[in-house]
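By letter and in written order, the chains are A, B, C and D; residue numbering begins at 1 in each of them.
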Amino acid sequence: MTIRILYFARLRDVLRTGEEELALPEGTTLAGLVALLVARGGDWAAEFGGARVFRAAINQDMARPDDVIPAGAEVALFPPVTGG
Amino acid sequence: MTIRILYFARLRDVLRTGEEELALPEGTTLAGLVALLVARGGDWAAEFGGARVFRAAINQDMARPDDVIPAGAEVALFPPVTGG
Amino acid sequence: MDVTIRVQEGDFSLAEEYAKLTGRPEAGAVVAFVGSVRDVASGLASMTLEHYPGMTEKQLGKIVTEAGTRWPLSAVTLIHRVGELQLTEQIVLVLTVSAHRDAAFAANQFIMDYLKNEAPFWKKESTGAGEAWVEAKDSDAAALARWDAQ
Amino acid sequence: MDVTIRVQEGDFSLAEEYAKLTGRPEAGAVVAFVGSVRDVASGLASMTLEHYPGMTEKQLGKIVTEAGTRWPLSAVTLIHRVGELQLTEQIVLVLTVSAHRDAAFAANQFIMDYLKNEAPFWKKESTGAGEAWVEAKDSDAAALARWDAQ
C-alpha cells in the first residue's frame, strides 16, 4: 500500500522535506513506519530514534505507536505543538 | 456617642427608612446595636431577631457581631448582596 | 498594575476598554468577563441595581488589590452598572491582563466571585408577577470558599 | 450551540465577534480570552505561526464540541491566526457564552488548554539572536491533565 507522509515545523526544516510518498506492507503500524525512518540514519535516526519528542497524526487525528496505518493514509509527523 | 445607620435594598423597603441617627453608649458592639433594633418589635424584630440573614458594615467595611462601633461611625445593615 | 474601577449608570464598551489595555509588550493574555441581564422563568421585564455609594468603590478596590497580590497582573479594569437595566443589557465587565493565561483567568474569576459576595449591590427584578428583590445564592458563597483554601 | 471556528492570516476584532454574540436573552455570561505576541527575554522581533491545514480545523472543532458536552454553552467563537505576527499582535480569540459564569469560564479555559496541547500550530520566534522554533512547555501538558480528573 502507499501512504503520504507530511513533516511540519522544526522537523520539516531538519529533514529538508515537507512531504513524501512511501510504499509499506499492509498492516504496518505507526511504530513500524517510525522504525523504517530511523533506519535511514543521520537526521532521521536522530529525530525519530533518540530522546527527541515528536507527535504523529493519522488522517488528521492524533495517533499512537500501535495504531495501524490504513492504505492511502495521510500520516503527519511533527514536534509537540506550540500554538495559542 | 452618636452613630448613623443606613439601610439598603429590601431592608430599607420593609423598615420604610433608609437612614437614621442613634445615640449609643460608648463601646456598643454591632450585636448590641442589633439587640436595640430587635427591641423595637414588629418588622425590626422580624428582620434582625429571627431566621432572616442580613449583613453589616462599619465605616464601609464588612463587620462581625462582636466588632465595637466607633463614635461617629457609619453603620450599614443590608441583605446579602446580589450584584455581578 | 494599572487599575480602573468605575460604578456608573451608563453602558460600557468592551471594545473601548480592551483597546486601552492592548499594545503592552508584556501582556500575552487578556481575559474579559461580561455579565448581562438574562431572562428568568417568570419573564423579566427589567431590573434595578441598587448600591451603597462609597462602600462599593472601596470594596471593589480591595478585591482588585487582593487579586494583584495573588497573581502577576499588569492591568485590571472593573466596571459595574447601577440603576434600571433591560433584558440583555450589560451589567458588569472585568478585564484582567497578564503575561500568563492562567493568572489572567484565575484573577478574573476571583474578582467575580468576591464581587458577587462582598460588593454592596442588590438586584430587584421586575416581572409580569411584580417587583421582587433577588435572593443571594448559596452557589456564590460556595464559589468564594474555593479561594480560601489556596 | 452556535459555533464559529476560523483559522486566518488577518487580524480579528474582539468587538465585532462579541457584538455577534450579544442580545441573547439566555446569555448571562460571556468570557473572552485573547492571546497576543509577547516579548521574550532575548528581544522578540517577530513570530511566525505555522499550522497543519485541515487537521487544525478538525481538531479545533473536536475541542469545541467536547466543551459543549461538558458545559451548557449557547455559543463559542474560536479564531486562531497563522503567518507572520509582530510583537503585541493578537494570536488567538476564544469567546464562550453561557447562562452561568462558571460554565463560561471553565469552557474557555478548557478550550485554551486543549488547543495549546492538541491543535497543530507551531511558533517560530525571530529575535536578535536569529530564528528558533518554540519548544513546547510542560506547564501546558500539566494544565491539560486537570481536565481528565473531572
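In this text, contacts are C-beta pairs under 8 Å (C-beta built on N, C-alpha and C of every residue); 3 or more make two chains touch, one makes a residue touch a chain.
Protein identities per chain, from UniProt: A, B = Molybdopterin synthase sulfur carrier subunit; C, D = Molybdopterin synthase catalytic subunit.
Note that this is a predicted model, so its numbers are computed, not measured.
Think of each touching pair as a link: the shortest run of links from subunit A to subunit D has 1 of them. Set against the C-alpha centre of subunit A, every other chain centre is closer than that of B.
Centre-to-centre, using mean CA coordinates, subunit B is 48 Å away from subunit D. Spacing of subunit A relative to subunit B, judged by their CA centroids, is 71 angstrom.
Centre-to-centre, using mean CA coordinates, subunit B is 26 Å away from subunit C.
Among all residues of subunit C, those that touch two or more other chains are 35, 101, 112. Across the assembly, subunit A contributes residues 84 that each touch 2 or more other chains. Interfaces, counted as pairs of touching chains, are A-D, B-C, C-D. Looking at the complex, you find that subunit D touches subunit C at residues 13-15, 18, 22-39, 87-88, 90, 99, 101-102, 104-105, 108-109, 112, 143. Across the complex, subunit A is touched by residues 35, 49-52, 54-55, 58-59, 80, 91-92, 112, 115-124, 133-137 of subunit D.
Against subunit C, in their complex, subunit B makes its touches with residues 6, 8-10, 13, 53, 57, 60-62, 76, 78-84.
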